[in-house]
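Down below are the structures I want you to see.
You will see two complexes here that share subunit A, one where it goes with subunit B and one where it goes with subunit C.
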Partner chain A sequence: MKEASPAKAYALHLGVIVLLFALSFVLPEYHHGLLARIMVLAVFAMGYNMLFGYVGLLSLGHAMFFSAGLYGAGLAVIHLGWSVPAAFAAGLACGALLALVIGVLALRTSGVAFMIVTMMFAQVFYLIILYFAAWTGGDQGLVVPQSARVLVLGDTSLGLTNPTVRYMSALVLFSIVLLVTLAVARSKYGRVLVAIRENEERTKMLGYDTFSNKLAAVVVSGTICAASGAAYALLFGYVGSTFASVQYSILPLLWVLLGGAATTLGPLIGTLFMYYVVDITSGYTSAYLLIVGIALILLVLFFPKGILGTIRQRWLGWLP
Partner chain B sequence: MHFGPHLLLAALEGLVTSAVLALTALGLSLVFGVMRVVNVAHGEFFMLGAVLAWAISTAISGHPALGFLAALVLAPLIVGLIALVSERLVLRRLNYNPEATIVATIGMLYIIQQLALTFYGPEARPVEPPFSYRILLPWFGYSGYKLSIIAASALLLVATWFVLTRTKIGLVMRATQYDSETAQAFGIPVDRVYAGVFALGAMLAAVAAVLIVPISQAHYLMGQDPLLLSFIVVIIGGLGSLRGTVVAAVLIGLSDGIISVFFSPTLAKIIATLLVAMVLVFRPQGLFGTASR
Partner chain C sequence: MTDKNGFFDLSKTGLTRRTALKGLAAGAGLAVAPGFVRYSQAQSSAPIKIGFQSHRTGIGAAYGRWYERTTAAAVKAINEAGGINGRPVEVIIEDDGTDPGRGAEVVGKFATQHKTDIVYGTLFSHVVIGSAPAAGEAKMPYFVVSEGHHVASTKLNRYVFQPGITDVKSQIQAMAPWIAANAGKKVTQIFPDFAFGYDHRDYLPPALKAQGAEVIAQIAIPPTESSFTKYFPQIPAETEVIYHVMVGPAVLTFVKELGEFYGSSRPQLFGFIDSLEATDINSPGLEFLDGSHFWEGSPRYAQPDDSAAQKAYRAAVGIDDNGAAVGDPKDVSTAAHMFGCWETLYVVKKAMEDAGYKGPEDRAKLVEATEALTEFAEGPEHPQGPKTFNGKIHQCFGIQNISKVEGGRLNVVHKTKIEDGLYEPEGDYTTQPL
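Right after this comes the complex of A and B.
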């Protein structure tokens, strides 16, 4: 990998953020709402990418971190009447704590066993949500009341149901996570993670504590996914067990694979592309899972590096 | 009903579950043991078996046993063929890379499930059992067909054991499992063995589904639970061990039957899944398996 000039990389990312900001004023209403949702879900994909792309750990259970944030924030508002910032923090805390516990356990395994263990923990989490239906609403889910979704900043109060506020909140979260990912990817810590992915034994021999580095990556990844979930609950006002099902562990994998693993902008591109493919095809057929399935197989067969991964390999070596 | 007969009924139901589970899990275990890949689409092969059994038995008029027998022969063959084609088109091209295979079989899972929904529909449909003889016990009557499932499954398990340990084909399979490169060097066509094992694994799941479909129903989402339970069985029993798989299937089937009679099924699933995850974390070779080489 060629050494990127930091100015070029940061300029590109700021450019993407400015573009998304500008789009807010020109997009028609429908796509405006869709893009807000995509940005929140892209945060989920970026969290997934942190572990899958950089550390090379393929988890099949990230839906539990997303839904830990979703339920942590949603239930705090619904049952405890917490304010929006407090609920968001609660969602983050739930995700971080869960990621810590799961990380300590699951990192004892590797490879295929890691995939199955994470899938099983996610399944347990999903079943627990169904079991405590009295509080979680079970498979019906719960609606976060509109009156509670108001962000009070000093004297002004912003209703998160307002499309512009919603879009801008999504953009702020997205931008922070994007820049954090970029900073981590370029930092010394990020290099250690990539070293673990490429050759764990050798990294260990060089004196790095690979277990605690991996554990930190699981916690960071889980917390970012929880941030996405918490934002989803607060911005779109719905928490439901579907978000904890296996399908929502597979989707971020698909988005990251499509956009390009271990690229900072790949998760956004993958999410954007897949969301629109599904949105357009669902106009013709209800079989959107068929598209997901075919996309997964074609990607692993012919396109394992994804869109940005291929571009980086062929043309733009400096792409972070 | 008193506690004793109630327990007997739960145990019988559990044994029926175990019988079907043992066959399904054996298919998954064989594929993992020989090919070292995890087939996430295994539950969908199970579902295809059941759906095809419905299609075949409704296409054949006359005595229900006739249609059922045709389904018992044809459905696994068709499923085996589908598995063979997908192995050739996808898994072989991935060079059986474990992680890429999981992603690809997840893709297969979605494709098969969605096609079943499109062509078969969202309804659950019953298949008539081949005979409806009831065995009268002192406390309750019990379906003779359910008992015959246990017998059929035991027969198939013994047959698989015989093929694996007493025939040339089994020897070739075991050699491939033990060390595929050396096997290749001794002239064993490893990639054909892989294709055969993948098809065989899918066929075992399909047979299990045909056996169970007269007492449950064919539905396009019915592959999810067998997949999870098979994972559990294979992990508890030790990956690739036939004896361990059967013992674990009986254990899981019986406890599932008994626990869900007395407790909430969701709670039973939570406890079972959590326990199995812990087994995988703290004893990855399974309860009966030996440490990996």
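Right after this comes the complex of A and C.
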């Protein structure tokens, strides 16, 4: 991979953010709303990519981090009446704490065992949500009241149910996380993570504490996923156990694989692609998941490193 | 029912369908996405568009299929009788995958892309609860056919209604007098350890207590369980009635293992047919249910005293005397619930006519007109039976059927009264702003 000049990389990412901002004014209403949701879920994918793409740890349990944010923020509003910023912070804290605990335990394993352990922890988390149905709403979930989803900034009150406010909130979160992942990917720490992915033994021999580096990556990854979950609860008004099910652990993996693992913009492209393939094909057939499956197979065959990963490999080596 | 991609009004563009299709085919990528197609403003003769949030895939698919058939039959009948306010009804279907996240997106799609007049037809509770915020924010009237208590709990919002099927709290309450008087006074409940089961766990004990009976044990079975024998020793020996509401594919194993546990001498069994909707009551392993009783919203099997309206409804929907699809005895319907689709659409028709509904700008009027409804008389529009409607909690109340499994069919042995299922309202949606 060629070394990108920082200016070029940052210009590209700022360009993407400006493009998303501009799209807010031209997109038809439906696609405007859908893109807001996609940006929030792309943050989930970016969090996943942090661990899977850069450290090479394949987790099948990231739904628990997303749900930790979702429930952390949602339940703080519903049961404690917290404000939007406080609830969002609660979501982040829940995700970070959970990631720390899970990281300490799960990082004792690697490879297939890591997949299984993370999946089992996520299953435990899912069943805990069902068990405490009196507070979590169990499998039916809970509605975050519309009246509580208001962001108060000084004298201004912004209703998060307003499509423009929602889009811009999603964009702000997406932009921050995108720039943070870019900064991490380009930092010394990011290079250590990639070194661990490529050859952990050699990285250890070079004097790096790979366990604490991996643990930090799990916490950053979990916190970003929790940010996505917290934003989802506050922007879209629903918390439910479906988001903690194994399906939502596999989805970010697919989004990242599609877009390109260890690329900063890949998670957005993967999420966007999957959403629109499902949205368009489900308009024509109820067998849309079959089409999604075929699309995935074709992508794996012809774009084995994902869309952006393959583009980087073949044409644009400087892509971060 | 229309082709879901036929939602745009070709008649107003001067295009033939063929030309339009050619034009669409020429487009590339996103340009073919329905949202990018411009269409003209709805005119007075333009169809009333109903967005049907259907469980075509996912765990609710068996219900979704029959909800679609019932909806198609009701829309056909409504259109043949002149439509709503003289306008034809057009149904646009979107699959929600029985997923609350996708459900909310689908409601958004109906509101902002298809620009439907209402959204309708959702069954599974988690999808209803997940979609309700999107409906409230879009100020989109959302008529569900879910039987969950979530609408009547007044925890959703002013735009969500359930006028075509009773809620589970009402159903459970209405069962209690019959159970206490006919089946037994000491009841053990077996239910799945998630929300559907919790409704039964929470509402049955007080209802039975009011009838002089009691729940002596409650056995919650985790949703991941596939074998049940180890739970049966927890059933107290003095149990007179086992009240079971297991759902999902495990129900066949549950019944079979219960049969092996008890052999020929067993307590009375009472269940909710939800467990066996779309399942042949004569399936191998279900023999143990012979002589047991079930709640049914609307009877699956044709009954000797069926009204003319009930007969006409069954013929229109296409189910035979055994409650299976005409011509395919293996395709068993979800008869106990799907009548709610038929009745809900007629409630929508009545409310739109009362409101003088012309288009999306009249949605608030439609909400108020629906809230003003109080009674639905039994007849072709309400073949399941008469109902009352409480506009404050957006919920209807009606009769329930108790059926006995006899000779491989379900025979109705008791019909409850509307009053049996009434309870104190838990809130008032009409105080919320529109």
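Here is the rule we use: the second predicted complex is superposed on the first by the 302 of 320 C-alpha atoms of A that agree within 3 Å, B and C clash if a C-alpha of one lies under 4 Å from a C-alpha of the other, contacts with A are read in each partner's own complex, and residues count from 1 in each chain.
Just so we're on the same page, contacts are C-beta pairs under 8 Å (C-beta built on N, C-alpha and C of every residue); 3 or more make two chains touch, one makes a residue touch a chain.
Source: prediction; values computed, not measured.
In the superposition on chain A, contact is made by A:L253 with subunit B only, not with subunit C. Shared-chain residue A:M120: touches subunit B; no touch with subunit C.
Of the two partner chains placed by superposition, subunit B and subunit C are both touched by A:L130.
Judged by the touch definition given at the top, the superposed model places A:S282 against subunit C, while subunit B stays out of reach. Residues 127, 130-131, 289 of subunit A lie in contact with subunit B in one complex and with subunit C in the other. For subunit C in complex with subunit A, the touching residues are 4-5, 30, 32-36, 56-57, 94-95, 99-101, 104-105, 108-109, 112-113, 125-126, 129-130, 132-134, 136-137, 148, 150, 155-157, 193-196, 198, 222-224.
Those residues of subunit B lying in contact with subunit A across their complex are 38, 90, 93-94, 98-100, 102-104, 106-111, 113-115, 117-118, 228, 231, 235, 264, 266-267, 269-270, 273-274, 276-278, 280-282, 284.
Across the complex, subunit B is touched by residues 58, 60, 105-106, 108-109, 111-113, 115-117, 120-121, 123-124, 127-128, 130-131, 250, 253, 257, 287, 289-290, 292-297, 299-301, 304 of subunit A.
Partner subunit C is touched in their complex by these residues of subunit A: 28-34, 37, 127, 130-131, 133, 137-144, 146, 161, 236-238, 240-243, 276, 279-280, 282-284, 286, 288-289.
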